[in-house]
């Protein structure tokens, strides 16, 4: 039997790694990869709690399903923005994204 | 028994079989490396310029539409299983879901993003 | 004790008793016996490819008025073995600048993506690997490995044409995955379950091909495109791409891409039989499961034959036609079909089954004729555009007016 | 140690290793491939948690769709990516320390709250898939998220095509 805390620790590790990717990487696509890791960590948490705490109520799974949709929407729009930006500025460096700076 | 144990073993074997065959073939065949042999093949012409040709932006638009339609499955498959046991409005909910997505397809079509250029 | 009917079940129990008599732990024995099919079934599926390749080469040869393999053995039946010996003893070449690990991983993934489907195929009432309650989705999930394999193969080869071929192949696969998945939704809806065995059982009152013929047709077209064979073999258009994503592959690694293609086609035949032709259902198949295997194989080969027939008959279509066919015809049609079938199926549930079947069939025909109308108007617009005099450009590119469905539709750009 | 625990440790180790590679590997395409490995490990964990539907969906959506989209985006922007200087931010040691602290805090709280060592609850006899479908479409449960998801996907489609579909961006 795997205790609940193992899943949570795994999820915490994945989340921290994703956070590190988001903070440390310069390439915008790499930052997006980090965000995907973080979303997955959240999903592991949700499913683990669903299974260990309340398998009769589907809230946990429904939440994961919604996270899937949000992740896909985020990836689609995010990557479209990155590509558009790359065309405009010739760079995918997130630090260069300062078009709104006055 | 959790049926996924079976699936896991099955997939492992399904991957291991070709992998072993590849290893087997590697030691069965001759090995006489030569620089000419391992050159990039382009119908006899020597290769020029960087290999990483740019992806056509048009492919990306198809991938975008595909992702959106793929994600709807997450919602449609559970719906497809249960709608026959529930009142009629459930079937209509699913149809509405599909119609909203079809609206997206119509938009992309009208914008001309589906045209092969 | 041993009935001819459930040969496999009795074999399993015999093996279990044999192992127990050897003095092994009962829990270990039952686990081993339960997992034995997981080891045997991939081997069986891999072996299936051998007669399949010979059969298809013969079939296509006949369709194209050729003889086909006829040198090795009677009717060339040992041709495949000869090919195997040749391919096994070839040098294992890795092109310079290639990503070695990924380059070798790609053919393995391609095979695993095809063989993996066999885990859920119901060969008979009690002959199947596992009856997953998400079987239909599992089939799609395993199929994504094949897509990944193509992308990896094209990328790791360090060859422009391989990369271009991979881009094209993936564009094709993702385009046809949408109608494929939407039509798989139809049997799931009618059966009320995603388990493949449940779907087969639900067809006891009538095969789904009669209730939803349009879904079956779209499934067939999408399956042909997913396998990437004529008329959808754009991924290996020799004149444009040299050979497609597998240009740098040779020896056994190429062999696996080749085998995967044949096996994939047959696997889609088996899936088509399961989803639309009632799988192992047939007279006496419940009492004699072995008979079910025979029915299943007959139906699978029937669908597979249609794939081969298509492959041997149609010429390759252009890439813009291929894309248009999926996004502008199959996808909208299957979207409408799923929505309409859901409402009609639920609304006529209280009516007698025959009436329901007729209404469902009517709904299919309705969507079908709507699609035909759209096809016709699209074809007409394309014809008008191609015959209208265009300033500046000669008659360089003429669209094919006969193929209304796949001809270039007018660019209905709103901007 | 039970079989399930060994299996979990292997899968989790693979997932964490893949996650580490995602954020450290220089070649972006390799990072994306490692992301696929990490996603697959998560799918295996879903299957171990008796959420077979989510496991399959994880493969279909994440590996089959989102990862492909990301790989396409990498291929599209690789010319721009090559001109960029270092892959990492100057402040990455700070970020690393911060993330290690976050991990320690999360792991500590995850293993010390009441019920952290509890085993899985008993699964209800009914099919979880049917329950999920019913929950998604029942008006007193999650039908609003169900329809809103459709609108969200529509908005994402329109938005991303409007942004990326521009043929002639003003340079």
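When the chains are written out, they are named A, B, C and D in that same order, and each has its own residue count from 1.
Criterion: a contact is a pair of C-beta atoms (placed from the backbone, for glycine too) under 8 Å apart; a residue touches a chain by one contact, two chains touch by 3 or more.
Because the structure is a prediction, the values reported are computed rather than measured.
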{"item": "Touching chain B and also chain C, the following chains", "value": "D"}
{"item": "Pair joined by more contacting C-beta pairs (B-D or C-D)", "value": "B-D"}
{"item": "Rounded Å distance between chain B and chain D, as computed from the means of their C-alpha atoms", "value": "17"}
{"item": "Chain centre separation in whole Å, for chain D relative to chain C (CA means)", "value": "28"}
{"item": "Centre-of-Cα separation between chain C and chain A, whole angstrom", "value": "33"}
{"item": "Centre-to-centre distance between chain B and chain A (centres being mean Cα positions), rounded to whole Å", "value": "21"}
{"item": "Residues within chain A bordering two or more other chains", "value": "65, 68-69, 72-73, 75-76, 80, 83"}
{"item": "Shared interface positions of chain C, touching two or more other chains", "value": "132, 134, 137-138, 140, 142, 167, 170, 174, 177, 194"}
{"item": "Chain B: positions in contact with at least two other chains", "value": "3, 7, 52, 55, 57, 59-60, 63-68, 70-71, 73-75, 77-78, 80-83, 85, 90, 94, 101, 111"}
{"item": "Of chain D, residues touching chain B in the complex", "value": "44, 47-48, 50, 52-53, 55, 57, 60-61, 64-66, 68-69, 72-73, 75-76, 78-79, 129-130, 132-134, 136-138, 143, 146-147, 149-151, 153-154, 156-158, 160-162, 164-165, 167"}
{"item": "Of all residues in chain A, those that touch chain D in their complex", "value": "1-21, 23-27, 29-30, 32-34, 36-37, 40, 43-44, 47-48, 50-56, 58-59, 61-62, 64-66, 68-73, 75-77, 79-84, 86-88, 90-93, 95"}
{"item": "Chain A-facing residues of chain D, complex", "value": "2, 4-5, 8, 12, 15-16, 19-20, 22-23, 28, 31-32, 35, 38-39, 42, 45-46, 48-51, 53-54, 57-58, 61-62, 65-66, 69-70, 73-74, 76-77, 80-81, 83-89, 91-92, 95-96, 98-100, 102-103, 106-107, 110-111, 115-124, 128, 131-132, 134-136, 141-142, 145, 149, 152-153, 155-157, 159-161, 163-164, 166, 169-171"}
{"item": "Contacting residues of chain C [partner chain D, same complex]", "value": "102, 132-134, 137-138, 140-144, 147-148, 151-152, 155, 167, 170, 174, 177, 194"}
{"item": "In the complex, chain B residues that touch chain A", "value": "57, 60, 64, 67-68, 70-71, 74-75, 78"}
